[in-house]
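Labels A, B, C, D and E are assigned to the chains in the order they are written; within every chain, residues are numbered from 1.
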Amino acid sequence: MPILALTGISVHIGSLPILAGIDLELAAGETIGLAGPNGSGKTSLLMVMATLSRPTSGSGVVLGEPLDQPSIRKVRPQIGLSAHDPGLYPELTLKQNLRLFATLIGRSQEQADSMLRQVGLEAARDRRADQSSNGMQRRVDLARLLLLEPMLLLLDEAHAGLDSHSEMLVDELVARNRSRGGAGVVVSHDHARLRERTDRIIILDAGRVAV
Amino acid sequence: MRRSILPLLALATAGIGFWLASTTAPDAVQGDYARIFHVHVPSSWIAFVAFGITAFGSLMWLWRRHQRWDRLAAGSAEIGVIFTAASLLTGALWGKPVWGTFWDWGDARLASTALMFFVYLGYLALRRATLDPVARAKRSAVLGMVAVVQVPLVYFSVNLWRSLHQTQTIRPDGASMGSEMIRAFLVNLLAFNVVYVALLVSRVRLAKEWERRDAREMATAGAAVTAPRLEPT
Amino acid sequence: MSRFWTHASAIARRDLTIEGRSGEVLSVVLPFAAVAVFVVPLSIDTLFVDLRSLAFPVYWLVSLLFGMQVALRQTGTETINQRRQLALAGVDPLSRFVGRSLAAAALIFSVTLFTLPMVILFYDPEPKPPLAATVVVILTFATGLSLLSTLAGDVTVGLRTRSALAPLIVAPLAVPLIIGGSRATEELARGRSSLTWIGLLIIVDLALAMVAVLAARPMEEATL
Amino acid sequence: MSRFWTHASAIARRDLTIEGRSGEVLSVVLPFAAVAVFVVPLSIDTLFVDLRSLAFPVYWLVSLLFGMQVALRQTGTETINQRRQLALAGVDPLSRFVGRSLAAAALIFSVTLFTLPMVILFYDPEPKPPLAATVVVILTFATGLSLLSTLAGDVTVGLRTRSALAPLIVAPLAVPLIIGGSRATEELARGRSSLTWIGLLIIVDLALAMVAVLAARPMEEATL
Amino acid sequence: MPILALTGISVHIGSLPILAGIDLELAAGETIGLAGPNGSGKTSLLMVMATLSRPTSGSGVVLGEPLDQPSIRKVRPQIGLSAHDPGLYPELTLKQNLRLFATLIGRSQEQADSMLRQVGLEAARDRRADQSSNGMQRRVDLARLLLLEPMLLLLDEAHAGLDSHSEMLVDELVARNRSRGGAGVVVSHDHARLRERTDRIIILDAGRVAV
């Protein structure tokens, strides 16, 4: 059974169609790249896959649950999403942010602290999120996904803002996910990188699959 | 052609109602002021009906998730606000000659009406603030539900307070009405109901048409973004 | 402890930690509530109106206003991305709601409790209501207001007009709370039983809790 | 038109366009002001306090409250990045300030003007002050409040606790405005001259304008 | 005379040193690359150069005016900055946003509209900023800089989020700036790109110039 299967998915916001008739299947262990011009609907499609945005028409199954049923809630803890904005709490320190998340997903505080060390933020752990640089916040976001070990990994331009050392965190995240048998979707404008690191590439254009 | 039957019917009954209301004999005590009765009471009645329908639409939306229920709830709330305003306005205008004041804080019904008015203004403001129709339907259905539970409590608490206090309450209670007046009133009540239904039907139809127009095959959002092409300076 | 309560308490702790760091309630809302208590007499001609008779009305209005401000405070507001991450972490919307309401209730309760001595000091109402019973009234009031405000805050999450829209939704619906609170203290001050009014407050609390249980899930769906 | 006024009017137009799009004042703050006018009598026992005597105090307090809310509304708030871009575009801080105050004054004036008939209708003060003079009072009050709130908003720009901190700064400074406004309408209602109080309001307006002229530049530097 | 000269610049936030003793000179027509690990202070340094953040110690001259004098205000209209967050007004449309900026810097409405067309947003001009994708907003930001024609161009990871077609906007912006005799600073984590497109590269590390 595929981890994710979308058939004829359309999303409208008000009068405006954002996605039109997307068909897509994602098998266990498969990682695909998602590219396309600005405004073509990559982020919007990722939101549908993350079960956070309900399609206007079409049907989908994610991790065995149909998208339009309330039971979809059950699979959410197995979905890992890195969005444009990591959504940290500005007043909390980096450590507090990661520990809160660890508590919610049932990991220990020690695991959280160790992960923060692994992404290279040990010395900055007591800095508030709003006093951390853009790249530092992105690293916390990656630490969160490394802790979570999801079955469906969704990365929206996760490379952006990371320095050359921490870019490998993203690659490692994808590799681990693959070996765990999870599926992955990597959104990026860097075609060369996608070709290298993903199994196949899907190009969106104006809300439709172009390739 | 069937589309125009309801509005015509509404117009006709309203016309007859208006004619009857203006030609019945003036009230023994209040004179011509009593004629406000024919607008005030039906408006108040429709206000309640409209908000009842909004609550019903909200609950049905939460249960069935069909946009039809959201259109019903929204249309009815808009019309309800208008009739509530009419009730407040005519009540206040009537109060001045009858009670000597526009507003009397001693009556629970007045305060509750005004608060209900605001609750539904808030409801409409929430709708206006939310752009996406589905998100809008969800949010307003939840608020519609909160309002259904809370508005009766508002009425109940205001009433409890005032009745326990035995204030100088002047409750609106009409003098005995003549049969002619009752007949005029019943016609007006009917007219208001028909007008409400006609407005609601056309409002819902309009909303549906908007949505249909929106659903027409049109270029996707992304088509509006093209590759940049700089002109030489 | 079940997963539900682990999550609820983690959320409540989050809100209180953020409050501890930003100090919004402590250093900003509280002093402003004090200023408000102060400004009222300045706009009133005390020759014509007896301040004492205004003590409790002012108290309850200030409590409503600042209680609302506490529950809807900027630093306690979740962004849409934060909500999405919570949903993906598998947090039950109801458990999230419980956590947030608990934190809000604790903060509202402290604000209203803090304002009480100020009003008593400046307005000197006579006779004064008994303390213990008044605290019970304040507690039921704070519970209701926190439930109502958290509901309104959730319905308006992510909207830019939220800071004005949420109070508009809360204020008219809070009327039973205001009436319950002000009548209760008045009866208490006159040495009579205020059970009717405390009963009203409890009924309102229960009704709101019921709505929250029913609405939490659809509401989350609405605001992801 | 000089560069200064081109900028000021572009800024004012920006604020009013955003207001037109978000409808925050029109569809949210106005009804909320109306609710406030309404909730007061429900917390007061009208047997013991004469509502008529409270009409103008309530009016001025509500005007203060919602005027502040208008000036500090979320959608009228500049983010730090927006301010930086304005500074780099060469906008003189004073011209920016003038533009923002003008837009705020227009909005505050409509809120206060809108609240007046509501108070008159529901509280029925007797005798009523003459309309023309009252509008003058409201106008000077709105001007002062918009200057004050724009100042406060600028001082606290970028702080997350802003929404609560700004009122804290405004409220004490608004005391002369409140006193001026409420005394003026009171004297007017009694058929006496209110020139002293209108004079007070104008002096406050001028003082605030002077502060703005002096503070605009250093304030911008402090908040980039 | 150099367009920008910094000597011994340090920036502290509270007790935390963010930048420590930065010396830097930028000649007319010169474009430098600025790189370094996350949190090393690149964004903070850019803010100093943009005259928006006042250094705790050290001195600097930008476009002929000393950093610590009030007269620094005069040179600001000649500085173009693309920050992480473009700072558009969410409620205004893309067209309204660009037109407002054009009015402020003394360009005509027609110039604004034409520039919006050139960056490929003609058909999306009436979309609100908060209903536009990340990359669309970044394009408006670039359109703003193309309109402005500054003498000092500061780009903070301006490539991020742009699709492969519109990346050339950044390159073109830098090229035009160079030929106009302006100076440029390009912050990026992509060393290869910096080597290709800038005259020299400066690496920041922990608030100091490493190379």
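Assume a contact is a pair of C-beta atoms (placed from the backbone, for glycine too) under 8 Å apart; a residue touches a chain by one contact, two chains touch by 3 or more.
Quick caveat, the model's predicted, so the values are computed rather than measured.
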If each hop has to land on a touching chain, what is the smallest number of hops from subunit A to subunit B?
1
Busiest chain-chain interface by contact pairs, anyone?
C-D
Let me check something: if the centre of a chain is the mean of its CA atoms, which chain is farthest from subunit C?
E
What whole-number Å value describes the gap between the mean CA coordinates of subunit D and subunit E?
37
Nearest whole angstrom, what separates the Cα centre of subunit C from the Cα centre of subunit E?
45
Length of the line joining the C-alpha centres of subunit B and subunit D, rounded to whole Å:
32
For subunit A, give me the residues that contact two or more of the other chains.
13, 36-39, 54, 91
Could you check subunit C for residues that touch two or more other chains and list them?
22, 75, 160-162, 165, 168, 171-172, 175, 179, 221
Note: subunit B residues in touch with at least two other chains are 115, 118, 121-122, 125, 129, 131, 158, 221, 223-225, 227
Hey, which residues of subunit E end up touching subunit A in the complex?
13, 36-39, 43, 84, 124, 131-136, 138-139, 157, 160-167, 189, 191
Would you mind writing out the residues of subunit D in touch with subunit C in their complex?
22-24, 28-29, 31-32, 35-36, 38-40, 42-45, 48-50, 53-54, 56-57, 60-61, 64-65, 69, 73-75, 160-165, 167-168, 171-172, 174-175, 178-179, 182, 186
For the complex, give me every residue of subunit C touching subunit B.
148, 151, 155-156, 159-162, 165, 168-169, 171-173, 175-176, 179-180, 183, 196, 200, 203-204, 207-208, 210-211, 214-215, 218-219, 221-223
Which positions of subunit B touch subunit A when the two form their complex?
131-134, 213-215, 218-225, 227
Within the complex, which stretch of subunit E touches subunit B?
114, 118-124, 127, 131, 133, 136, 139, 146, 165-166, 168-169, 172, 176
